[in-house]
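Below is one structure, written out as structure tokens, with a few remarks after it.
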């Protein structure tokens, strides 16, 4: 029984790491720009389909598909931010919600048109297939890969924020936008770059997700809900908060579906409502 | 038990944010009918003090007494019901509502009739009349039915005071009422304040010294969260410590 | 814009005028009879639109007037639908009392939920409404012994209205019934909106921070309107059950919660009729476009949504009102 429990914890943690990569971008941009981008899941979906095209049509390796997904989603993200989103920065939460929801509708329809409604499989390299035996447990290699990627992303983000000048500017802008501008920090460019980064990470997450949860046009909406839970519970602008919330959500989701499948995601939602009521700003939220 | 002679009194209010002390044992007393000014350099903690008194900021220690009643535990709305009202340094108005609507809202809230969702607004005739009288007092009747957001800034500032007056306060705290108002209009604004009935006690924060010396009966000087001096205008005017504090600050008067 | 209201009686008259029936309103309530005569084949759709309009109105009360953004109001719609259905299964099939009882039940649930909703704002509030909606759906799915699960509630049978009007194939009864309920709801909403309570709600929406500073117990006010809104949404759900004699899980779906907010944005929030107009546009468009190509209906509604938000942030009614203002000058 403990063996099962440990496997569930491992799988759950891996799923959580996937959710982390998908969500952390939104947490940072929400904390930085206060722009409610519900299309974040759509950028994930975009990354997924990009990875598919790269591996299937171009015949390239999965390891190349990942950066392609990142860059592609980042590029589309910047384009959207420069042309559309920035007009809505002062429009209030509701309008931002509705606009980005409209974008999700459009993205979902385009995906259906281009790829059909079915689940798409992806070819992962042999080196990532199968499982290894560690400490008496059979652990999936792909899931180990997921965890490593997520940890690398975390390290890069933390290093970037704490030790680079750009990171310092981002932190300043998150803390107090007006003062940062007064200090000569180009908040506009910071927004654009950070937003691109956030979308890129979502795209990366989407590409990574295919092997674990599959990809179809409902991805944008379905994973939006997971992402929102991670961001709200973790706290806006907090990388550590997103990490913790994603890990908890991943484990909770997998464990729940394994041990009490009849209840479905009921417990997850109940816990989220409870946590948010107790701590409306999230576990580590500052604003 | 002696009858309280002060409309508002604070006892040793303390508040700090980390290493920043915004209130250091602040004890002030406002007698009935007072016209007191609260002055001090930027960052002295004047607005914070008002926030502490109105309940927007909970103190670390100390008490606030309104007419002898300890209101330290009451929330903002309860303090307003008890007779303590304030205006904000930056207008906190209702942009889409018209002045008559905004003041009527405040009046019905005071009367406790605002929650009657089954009764049409037009039926609250007395409340509307009262609101009209307040607007007349503030000379805003011309714009009574225009949305607040199209009003001139000086008129908006007057409406800000009107909202506070609608609560029939015993004590009125005005946070820089003339802030941002052109010099010519600020005198008129203060004449409205001066014309307030004697049973309202007023404490106003102000930077413009000419207005302070013209309208205040007594002045409290706040520096770095603590009361430096509280005295009549003539004493304040000539006090060396006050001059030192304001050295380098542009002041009129 | 000449306003001869610079005297006391003028101001009273102005306030009275705000609550008067406008020409547009009167025209609207005459126009709703058009389907009976000119589109008799569309009466079923018309009653669906009326139900959607009622649901949208209930959301407008909290979204447009009090500023509470919700992505989970289908929770109350669905609870009303199931309540009405389950009531008929106990043997009591009288529709009007069923409607009332379902509405009261859902209002009670709304009252309980309101304690949580009014104590949070912004993202947390949005997520809690979303979470509660999703949670209720999961619960209904899990409790399939009561709700019928994915198969839906079976055996719902409603008695004829007033004992005489049974549901006809064409939908005359259904449309008359739903239209009448919508009308009553609009009357109630008008009364609320043009009361001092409605003014208080607008104050909350305009500047939440100022409300305690004028002594307003805003949380209590928000709880009242949230409860009323929940009850109204429940009535809409019950109407759906009574006119279709079935209840499926999708009455609780996130899709339904999102759709109703879309309708409100299309029509314009805080204008009482915005949700109704939005519902008409949305449902008619869906009916026509989904007929052509079911999968791509969402593409067009997405585009429309983005355009409305960018170009007409106050919705179609708001846009028209602005045009009307400019024409008047």
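The letters A, B and C name the chains in turn, as written, and every chain counts its residues from 1.
Just so we're on the same page, contacts are C-beta pairs under 8 Å (C-beta built on N, C-alpha and C of every residue); 3 or more make two chains touch, one makes a residue touch a chain.
Owing to the predicted nature of the structure, the values given are computational and were not obtained by experimental measurement.
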Topological distance between chain A and chain B, in contact steps: 2
Longest centre-to-centre distance from chain B, chain (CA-based): A
Chain nearest the global centroid, as defined over all protein CA atoms shown: C
Chain A-chain B separation of Cα centroids, rounded to whole Å: 48
CA centroid of chain B to CA centroid of chain C, Å: 42
Whole-Å gap separating chain A and chain C, where each centre is the average of the chain's CA atoms: 33
Chain A contact footprint on chain C (complex, rising order): 63, 69, 71, 116, 119-128, 130-132, 134-135, 138-139, 141-142, 254, 258, 261-262, 265, 269, 295-296, 298-299, 301-306, 309-310, 313
Of all residues in chain C, those that touch chain B in their complex: 3, 5-8, 11-12, 14-16, 18-19, 191-192, 194-200, 202-203, 206-207, 209-217, 220-221, 224, 228
Contacting residues of chain B [partner chain C, same complex]: 54, 75-77, 80-81, 85-86, 88, 92-97, 100-102, 104-106, 108-110, 113-122, 124-125, 127-129, 132, 141-142, 144-146, 163-164, 166-167
Chain A residues within the chain C interface of the complex: 30, 36, 84, 87-88, 91, 93-95, 97-99, 101-110, 112-113, 117, 221, 225, 228-229, 231-232, 236, 262-266, 269-270, 272-273, 276-277, 280-282
